[in-house]
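Input: structures, listed below.
Presented sequentially are two complexes of chain A, the first with chain B as partner and the second with chain C.
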Partner chain A sequence: MTDVALTLQSEADQKAIAALRRKNAVWRRILRDPPAAAAALFLLLVVMAAIFAPWVAPFDPYANNMRLRLCPPGGERCAAFLLGADNQGRDMLSRIVFGLRATLGMGVLAVVVGGGLGALIGLSAAYFKRLDTPLMRLVDVLLSFPSILFGLAIAAVMGTGLVSLVIALSVAAIPSIARIARGAAQSIMQQEYMEAGRAVGLGDGALLWRYLALNCWPTILIYMTLQLGQAILLGAALSFLGLGAQPPTAELGSMAADGRKFLQIAPWVSTLPCAAIFLVVLAFNVLGDALRDALDPKLRQ
Partner chain B sequence: MIEPLLSVTGLSKHFPARRGVIFQSTVGTVRAVDGLSFEVAPGETLALVGESGCGKSTTGRLVLRLIEATSGSIHFTGRDVRALNRSALRELRRDMQIIFQDPFASLNPRLTVGDALAEPLRLHGLASGAALRRRIDELLAEVGLSPWHALRYPHEFSGGQRQRIGIARALASRPRLIVCDEPVSALDVSIQAQVINLLQDLKHRLGLAYIFIAHDLAVVRHISDRVAVMYLGKIVELGPKRSLFAMPRHPYTQALLSAVPVPDPAAQRVRIRLAGDVPSPLNPPRGCRFHTRCSHAQERCRTEEPALRPIGTAGQVAACHFAETITAPALVSEAEPPYARRLAALRKLALA
Partner chain C sequence: MARHIAHRLMISLPVLLGVLLIGFLLLQVVPTDPATVLAGPTATAAEVAAIRQQLGLDQPLWVQFANYLGRVLQLDLGRSMISNRPVSEEIALTFWPTVELMLACLVWAVPLGIALGTLAARRRGTLIDRAIMALSVMGVSVPVFWVGLLLIQHVGGAGLLPFQGRNGPIWTGAGLLSLILPAATLGAVFVGPVARMTRTSLLETLGADYVRTARAKGASDWRVTIHHALRNAMIPVVTLVGLQIGFLLGGSIVTETMFAWPGVGRMAVGAITSSDFPLAQGAILVLAVGFMMVNLIVDVLYAYLDPRIARS
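For the complex of A and B:
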């Protein structure tokens, strides 16, 4: 019972295989794609800046100076403010850095909470066939609810603020991720290894986690990355409407709303936060797409 | 008579055929398996053969209770399989295992081979820590793989290797019965022989009993002790391999056997060709289920369903009204093939 293919694999081959594995690691495959690499690098910078905002920001985002009111970028009055000053003479750059912190933070939190719940709902619906109809109809109800309306309702009950904003965004993220997770899980349920796992004698917990979730997570993760862009956008929109962060909190959406009144005389106050949102959402979408290509074994060469 | 390891009586599985999306209505039942009875002795290999769709694989899964039977009883070492609760079922899975047909689909791609083999060992509390590692190495060696394969993922193996990993997983809990669901039909012919030999080797060393589901009669002839021939969810003939292959009694078995290729280019054989397709199990024919395709069918076959009854002295049973009168056509012609005759003539010339 000797197998030629087996005896041929020596130490050297082992090393070659390990090298090949490293070469084809997911992050390396992402970096080989220029737009994705740019997006990843940009997001890395943005995230680092957001995390270390107090050290990165050149000035205090809440220190106002009325003499520097609506000073344009590169203006003589405020040469130290690279992106100019807003209607209260606060440094735009510092406010954007702190704004990213709030915006990204609520987006990530919402997608982790909402996506986690959605994934749990989707996987359970696929695994326990009895729960499929009730759970998915519940998801349909959530899906048919406009998220802005839901944000309004939450704000009416809990008051405006970042906490109610995160709740609204989490709920908004649940339905689409639940559907994606259910679809992915249903195709995994058809696989023979699910039956093999049952034949071994594994319980529901082990099958759900080690067999179903472990095989679905790439799909879910990709979708969560794409959803992050959506959550940030929706969060900014709700803040713009005054349902999220309250002034003077630096948050990109509410900053855009504040600057709206000066759009004709000082366009940068509103457009710069919007540009920041645009770039971050674009980068998340590009990265999500690249992640999908990198994690899909069928597209591997 | 030895106490049977597994005994199955009147086992049936009916799948409801539904129609409609929201308001589903049952429009019929597919009788995938319909009243099977058989026994498997310890250390014995029982082959289940038949065309695709005859219920072989369903039978294997019913025995393991991977799907629930509609009626009938399954007894395994004195336990009533159909009445077991969750924890008792887990105990059963320790003693009864399955090897799947498609080695590419039956291993979880996210678990290393070592993790996959550790699962049953941990679950049944058979080994832990250093003993677990040792047992995994032992299992890999048992199926002809090396210890360092434990760290690899299934996609890094060939089909034959994966099937051996599947076998190792089935062996992990030291079962007494393994259901082999067409374990070689997805493999190359050269690899098939390896896996078959491995299965036989393991059987002799570990005293395993197999339910060997197959449609390749050459493989069945090689590996089995007894053979059950299935047609449309029923056993039509069951008997010891030797007598069944030498003297098939049921016309369906005869037709199946006549289709086995004989490795002799000059062999003269009588081929029994079956006309038409297998009737739908949704609406099986009345009387004998085989009468629509049987060349011996008579009026009685269309109305009265034949029961399995002993025929001959070798312990063979067949479900045919005319099993005694239908003689099997000579599968390999008695006459000397022309090729052998020519060879003999040449040899005579050379000697002269």
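For the complex of A and C:
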């Protein structure tokens, strides 16, 4: 509605408004916050490295060379290996790049699957009033349950491995996204265009998808991103426990667990994957906080 | 109040049934047929069938589930496939060490978190506030196993403190010493969230009318913070600490595994990786039920601290 009114104003007004909009765009506000901007840049690099891992990694992450066993970073034996070699003489840097790929990949997959289901639950709860109570009760139940127990239970029933891990992480991502989606959808349900859509005779499917989902998805997408840090941390912990990715798969959590045996003589084998997880999760959390501040006008100063 | 508790129990009931169902299913996926194992290698088909009938394995699944529920109620969780001891005995042995570890973590992490959060709120916007908040974000982001590995490498490896197992109950010197590193590891990831919650909650309370009144009557700054604001700010912190018990549980499973701490979490992971289904089922059941009980207690406590909750 405001948009219609604004177009009637003079060209100068329009220019000023456009400038103000650009200035206050979410991504600009984030770029003005140095830690958040650094986090965003870092994540961009990490995601690119993970996607293009086969081209970015200098060596084959699975090619072992026993002569380079436990060669420290900067060691003469393995000058080409920037971050040293692990217990099988594999290049740590390449393994970390591929490890990021596996760890981020499972996190993204879980958040997309779990978040998608969560969004569906949340939108349905907001749209079909009769479903609201039962669906949200279900979400409460899921939310009240520690996600690590999903991991244990699913690994116990289905066996350990990446599939069980992704399922557990997906289930863990459902409830919080469902809540966010429901909140976002409820405010849109009160918009006049929902009523207008119903008045012109649109069916539930069209209203739900074209009017509700398409208007909610930016919020949902942002919260899915926020969940990624947590999903990665949980996935890495389950892999560290031996319930997720199994060796020799280059996955950061299982690499950290694998290197434990050499902690006193070659700490970098487990420390570097841990540091990689930490930095990625930290970047997601810093960016997440900034996004939340940028989106929540109450906190904006 | 009674209605509030009843409502909470109503929510817990389906969760409990779900957990029990998972426990039951776990016993169904056991690859070996228990009747064949019990009958021994020389048994005839008729003998196996007789044992099947005796165990109730020929009944429909839902009857078997009902029987399973009955057995769980009598604390009969079956026998471990590896040690062949009753699962309930194994759990009784590991339960206290887990509780010990969690309490030891809370005892230092919660007060420290509250102190840091209060300091950050009081010095809002200053370098101290920023430093504490940066530390808290780092605490939320660090994998708990990295903290453990660093402590093992630098403190345990240097021979300063034991890091392999539990050397006795907490009231013995050796037991207490062996608890320090695991409790430090688990607590390290807990300080951050508590500090953050305290800061947010306190900032909200510091803006309240009664705080302004307290200031107006001339109470000192710290007195206002601690006496008037912090007490009220604690209510959400208490609940959030309760809700974080799930997070703590995850951390304790990793910590127990790393430090060979003989708790329920380590036992659960060991049972899963060695396909000891009855033990895994029992351990998961105990972790889930324990978690639900803590949640229930925290919830009731919350309603007691803040009667507005029960009324809404």
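Everything that follows uses one rule, which is that the second predicted complex is superposed on the first by the 245 of 301 C-alpha atoms of A that agree within 3 Å, B and C clash if a C-alpha of one lies under 4 Å from a C-alpha of the other, contacts with A are read in each partner's own complex, and residues count from 1 in each chain.
Here, a residue touches a chain if its C-beta (ideal position, glycine included) is under 8 Å from a C-beta of that chain, and two chains touch if they have at least 3 such contacts.
Predicted model only: the values in this text are computed from it and were never measured.
Asker: Touch check for A:Leu243: first (chain B), second (chain C), both, or neither?
Answerer: Once the two structures are laid over each other on A, A:Leu243 reaches chain C alone.
Asker: Contact-wise, after the overlay, does A:Leu263 reach chain B, chain C, both or neither (first, second, both, neither)?
Answerer: A:Leu263 contacts chain C only, not chain B.
Asker: Tell me the contact category for A:Tyr211 with respect to chain B and chain C: first, second, both or neither.
Answerer: A:Tyr211: touches chain B, not chain C.
Asker: Should A:Glu192 be classified as contacting the first partner (chain B), the second (chain C), both, or neither?
Answerer: first
Asker: Using the superposition on chain A described above, determine whether A:Ala173 touches chain B (first), chain C (second), both, or neither.
Answerer: neither
Asker: On chain A, which partner's contacts cover more residues, chain B's or chain C's?
Answerer: C
Asker: According to the stated criteria, A:Val286 is in contact with first (chain B), second (chain C), both, or neither; which is it?
Answerer: second
Asker: In the overlay, answer first, second, both or neither for which of chain B and chain C A:Ile96 touches.
Answerer: In the superposition, A:Ile96 touches no partner, neither chain B nor chain C.
Asker: Hey, which residues of chain A end up touching chain C in the complex?
Answerer: Spelled out, the residues of chain A in touch with chain C are 137, 140-141, 144-149, 152-153, 155-157, 160, 229, 233-234, 236-237, 240-243, 253, 256-257, 260, 263-264, 267, 270-271, 274-275, 277-278, 281-282, 284-286, 289.
Asker: Report the residues of chain C in contact with chain A in the complex, numbered from low to high.
Answerer: 11, 14-15, 18, 22, 25-26, 29, 137-138, 140-146, 149-150, 152-153, 157, 245-247, 249-250, 253-254, 257-258, 268-269, 271-273, 277, 280-281, 284, 287-288, 291-292, 295
Asker: What residues of chain A sit close enough to touch chain B in their complex?
Answerer: Against chain B, chain A makes touches at 1-3, 5-6, 14, 17, 191-193, 195-203, 206, 210-211, 214-215, 297.
Asker: Quick check on the complex: what are the chain B residues that touch chain A?
Answerer: So the residues of chain B touching chain A come out as 61, 64, 66, 89-90, 93-94, 97-98, 100-102, 105-111, 119-120, 123-124, 144-146, 148, 155-156, 158, 160-161, 166, 169, 173, 194, 197-198, 201.
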